[in-house]
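Below: the structure, in structure tokens.
Each chain carries a letter (A, B, C and D) given by its place in the written order, and its residues are counted from 1.
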Amino acid sequence: MLIVMSPGASRAEIDAVLGRVRDLGFAPHEIPGAQRVAIGITGNDGPVDADRFADLRGVADVVRVSKPYKLVGREAKPDDTIVSVGGVAMGGGHTAIMAGPCAVESRDQLLAVARAVKAAGGHILRGGAFKPRTSPYAFQGLKEEGLRLLDEARRETGLPVITEVKDVETLPLVEKWSDILQIGARNMQNFSLLEAVGGTRKPVMLKRGLSATIAEMLMAAEYIMSRGNHQIILCERGIRTFETATRNTLDLGGVVVLRAMSHLPVVVDPSHGVGLWYAVGPLARAAVALGADGVMMEVHPDPAHALSDGPQSLRIDRFTSLMGELRRIADVVGRAWG
Amino acid sequence: MLIVMSPGASRAEIDAVLGRVRDLGFAPHEIPGAQRVAIGITGNDGPVDADRFADLRGVADVVRVSKPYKLVGREAKPDDTIVSVGGVAMGGGHTAIMAGPCAVESRDQLLAVARAVKAAGGHILRGGAFKPRTSPYAFQGLKEEGLRLLDEARRETGLPVITEVKDVETLPLVEKWSDILQIGARNMQNFSLLEAVGGTRKPVMLKRGLSATIAEMLMAAEYIMSRGNHQIILCERGIRTFETATRNTLDLGGVVVLRAMSHLPVVVDPSHGVGLWYAVGPLARAAVALGADGVMMEVHPDPAHALSDGPQSLRIDRFTSLMGELRRIADVVGRAWG
Amino acid sequence: MLIVMSPGASRAEIDAVLGRVRDLGFAPHEIPGAQRVAIGITGNDGPVDADRFADLRGVADVVRVSKPYKLVGREAKPDDTIVSVGGVAMGGGHTAIMAGPCAVESRDQLLAVARAVKAAGGHILRGGAFKPRTSPYAFQGLKEEGLRLLDEARRETGLPVITEVKDVETLPLVEKWSDILQIGARNMQNFSLLEAVGGTRKPVMLKRGLSATIAEMLMAAEYIMSRGNHQIILCERGIRTFETATRNTLDLGGVVVLRAMSHLPVVVDPSHGVGLWYAVGPLARAAVALGADGVMMEVHPDPAHALSDGPQSLRIDRFTSLMGELRRIADVVGRAWG
Amino acid sequence: MLIVMSPGASRAEIDAVLGRVRDLGFAPHEIPGAQRVAIGITGNDGPVDADRFADLRGVADVVRVSKPYKLVGREAKPDDTIVSVGGVAMGGGHTAIMAGPCAVESRDQLLAVARAVKAAGGHILRGGAFKPRTSPYAFQGLKEEGLRLLDEARRETGLPVITEVKDVETLPLVEKWSDILQIGARNMQNFSLLEAVGGTRKPVMLKRGLSATIAEMLMAAEYIMSRGNHQIILCERGIRTFETATRNTLDLGGVVVLRAMSHLPVVVDPSHGVGLWYAVGPLARAAVALGADGVMMEVHPDPAHALSDGPQSLRIDRFTSLMGELRRIADVVGRAWG
């Protein structure tokens, strides 16, 4: 159920509705919108009687939500959510570019990429400090040192930083240093971690699981939002299919569907989506052309010697040249840049 | 094996090489290129001794082909193949738009769409006359009458026509009326049909099978080319994956890989690729932005009453407005229009 | 719609119903059952008025068929169809073993395997004469000579023969020599071929397409049965998934579902299903244990030198030893042997 | 690298090798076997010089391990690992049956099932206390109360208990009450959780992820074993494919491959694998017939009113009758019962 408030509803009126929902034994979720506030109700089995709210001022409508995701769907909030961080916006017509190395490997490597991202007009710096790896014997990241290097790069370039949070144990550390918390594909249904980041007030970028349906991805976002964190970015990064010529199959059709189903911004990661550096540029262009709210790419000063994901990382010169193309395409499709 | 001729090799020199290959008991395949001719050799088990050609004039090089597809790969012909029909080009930097109804349903329906495609700047008219359908009880197309209507639409609008050929039995009929022969996804590995269209001299558009790998698609094209037909267009139309929110998963990453592996033009069919009309426009923009050599779309004057594929068909007004966007994106990425 | 006749309905009563259906402009399909005859009606849009048959004798019931497959489903015929050939039965509690080489390679090879299959208690000899191959340059089978060798092996051993029919052109030839017509996985939705084998009166074994759903497989069988051929065997041979450790993923759960949905016998081909000889025996045991109506296996006297599918072919000694296990498992689960 | 000790190597000789590995800066992993001990070496980039161990007594061989999983593969330990708990064995020719409700719902429900499992000859009681659910609003299990009920059922029936551990936070609680720690499919690559259970000395059952390859599943087991816990059971529970007629696609071919690649016991969960109660029995028979080391099934006294997974749960009477069949098939294929 969803209680839609009138455009001019006051704080007191909203609070009265929240209180009534609690009195009925349910959980209220306030959903701020550009025009009006809505209040999602969960914890109920079946419909809630709309008459229970008829006497409250400021209530415009009480509607049934048909989808299992109550808060992240367009039913609850028709207008786009805009996630803003350090002056950069994603959603609501804004497209931002996140770029950086797969893993933070050293101070020199990170700063070289950060400066290039800044110079090329990129908006957000990415870099992994805690790396979940298929093999227990592979490089697992610089961990806290990596976070400190990201902070240094942020201070020098002014770029906000996104890095992955791998588990609940290290969440306080990552939350301290990162501007956006990234949930990796293999953790998309790590529900304890979702609840934990839902309890923070940092924006969260949720990557699609390797075999997660769009419906499951929205339910994972619902876990986060149901804990009160509304700043969520969805990230398509390729799904697992029978095709082995590419690392994953980038589901750009799914991006269009996600944007139709949900008010949350949706960004595209072509680097993981295809796993081949020469395909990253064309797919980044495709993502901007279809109206994605952001693109995330891996850039490395020396891909041949990267400690992880070298084959899918762009050289700095190629990234710089690509950025010009992306900006021109954003203009054609009427998107603001960052 | 591949015999690369010198740029200025004469017809007689080429013929001498063809004869030598036949004398050795193998099959020669002449592959015309923009700069030079190459001659593929098949029928051999293992490498052919390059010395066998050392005494022939005009031979520049004899190279081993590492891929199982000998003729359709970039090894055999590094420069793009350009398929031209009725003044429209695909490949070599040219992007063309094919549009029309899923099935030809009536004279009025087809002509209405054909005129709209022409008016909007489309290049080729599509329309199914023989329709392979999952159910034996579903509408199977107007058959020969559909072909005649396509011919009428071509004569009125000047647009070349593409329609599907379903089996060897009806190939002569389709070959007579259609400018391009379309092989449907379910027939991608109907090897008898591939050999049959390989024996014609009409351009062939080969759609990717629902679960065909890129390597298998190239081998299917090889079946056609090994019979002497070099005018082949590859078409990505979505693959089958676990995701059910879209009809198929459009593999735009695969398009980039196909263009890297093969010299053949690659076009994208977002209508089948996603199955949702509202996603066709964004994905068509994406296809042009990444550098596809063409886009095929389903357009219908009244999608709600279409006999097939209504939910994925664009209304005429939406198609017309999309065409302007596509042309502007083509300009940004430096593609010629048709 | 389905008209269910009384158990004792006479030929004349059945014919009267068939005539009435035709008079109404629809197509009648007589479906013989162990207890009673049913008559499926197709060609109608929406339900047919049951009153139209109220005056006819011998009509027990007129029921709506809820599934898109009208004839092959359990609604049309609750009891198992038994396909019998040369004294061997599949379905209705009978499990038969089909074995032989992937391709007929030579007289010696085929006869060696045929004798071993016979000696081990196998029921039907398989062997490919027309081989659809991914590459146009791969061995395509001995063709007509292969069919003649199969005939010789049949005459010597008494085993009925199954071989693949690849296209409509060669159907008359295969129909002449083979006891069962096999439709390969890549042809499961070659609707022209399905219609053609539907017009013969030879039993047809339909292999599941690489990415065919169970519903699509039943619709493909419906194409055959709607042309009047009721002797159809369904064959699970593995589907294409993300897993590459096996050639395909053998869907034994799908076998259970197929048997619940349809009255047709369902057999399992573990050789193609997994592509690894050492897994064929365990999966054949699994197939018999779950109640499959047959198992098809590739056996070769010298797998290392097979012209196709060597890695998944069983050596004769291993096949012979496996047959004893299969028979004991069939006893445990109460299945008759062939 | 792997150091294979002589069959009669003493504790002191083994310790000397462990010390040498550490002195070289690598990590030694002692792998006990039925005949001999092996010592896996990790932490090295590239091969370790075998001469470094030439002077040590008791060293039989130093071999290179070709697979990325160093400890769980048959290279490291050719003979089967047998996991024993409460007198029940899995692996080494022993097949055990784990059964119980999806979720522990109440004392009555759990005890009814536990008694039935015991009476039917089952070996281990399953039941979920912490339930990871796709929706944040779905029943998440009785949590600690569920664990206490499992303990009561164990004390009454004598059956060892298996239940899922969902996160690192609740691991101490689950470890206290459960005989086997179950890692769910969605946590198969929750590397922090794998490391945590690797640090316990309770047996771990690792379920295959929905889209995990066999290689990835073995790497996940390697995470656990590299932390010193050798008591690992692998569980095939169905993978995600395009087929929607079943909840998942049970990959029994993958079970055969897993058993060939790894020395760990492999069990099959047909309940999740297919999601349809009527298919659970046939697939359980199939699993035993192919040689699985165990079968896990969901049993409920009243499936229609189960709080989770009702459609795939067996009624008690059906489970009891199935158990007799399974035992007879185990006899045929020469497996010991539990």
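What we mean here is this: contacts are C-beta pairs under 8 Å (C-beta built on N, C-alpha and C of every residue); 3 or more make two chains touch, one makes a residue touch a chain.
It should be emphasised that the depicted structure is a prediction, and the values quoted were computed from it without experimental measurement.
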Which chain lies the greatest distance away from chain C when centres are computed from Cα atoms alone?
A
Chain pair with more C-beta contacts, A-B versus B-D:
A-B
Check the residue numbers that chain A and chain D use where they touch, and answer same if over half are used by both copies, otherwise different.
same
With chain centres defined as C-alpha means, what is the inter-centre distance between chain B and chain D in Å?
49
Could you give the separation in Å between the centres of chain A and chain B, each centre being the mean of its C-alpha atoms?
37
Residue list for chain B, restricted to those that touch at least two other chains:
211, 240-242, 244
So in the complex, which bits of chain A are touching chain D?
42-43, 68, 70, 132-137, 166-169, 186-187, 189-193, 195, 210-211, 216, 219, 222-223, 226, 240
Contacts from chain B onto chain A in the complex sit at residues 211, 213-215, 238-239, 241-246, 248-254, 256-257, 260, 270, 273-274, 276, 278-279, 282-283, 285-291, 325, 328-329, 332-333
Chain B - residues contacting chain D, complex:
211, 240-242, 244
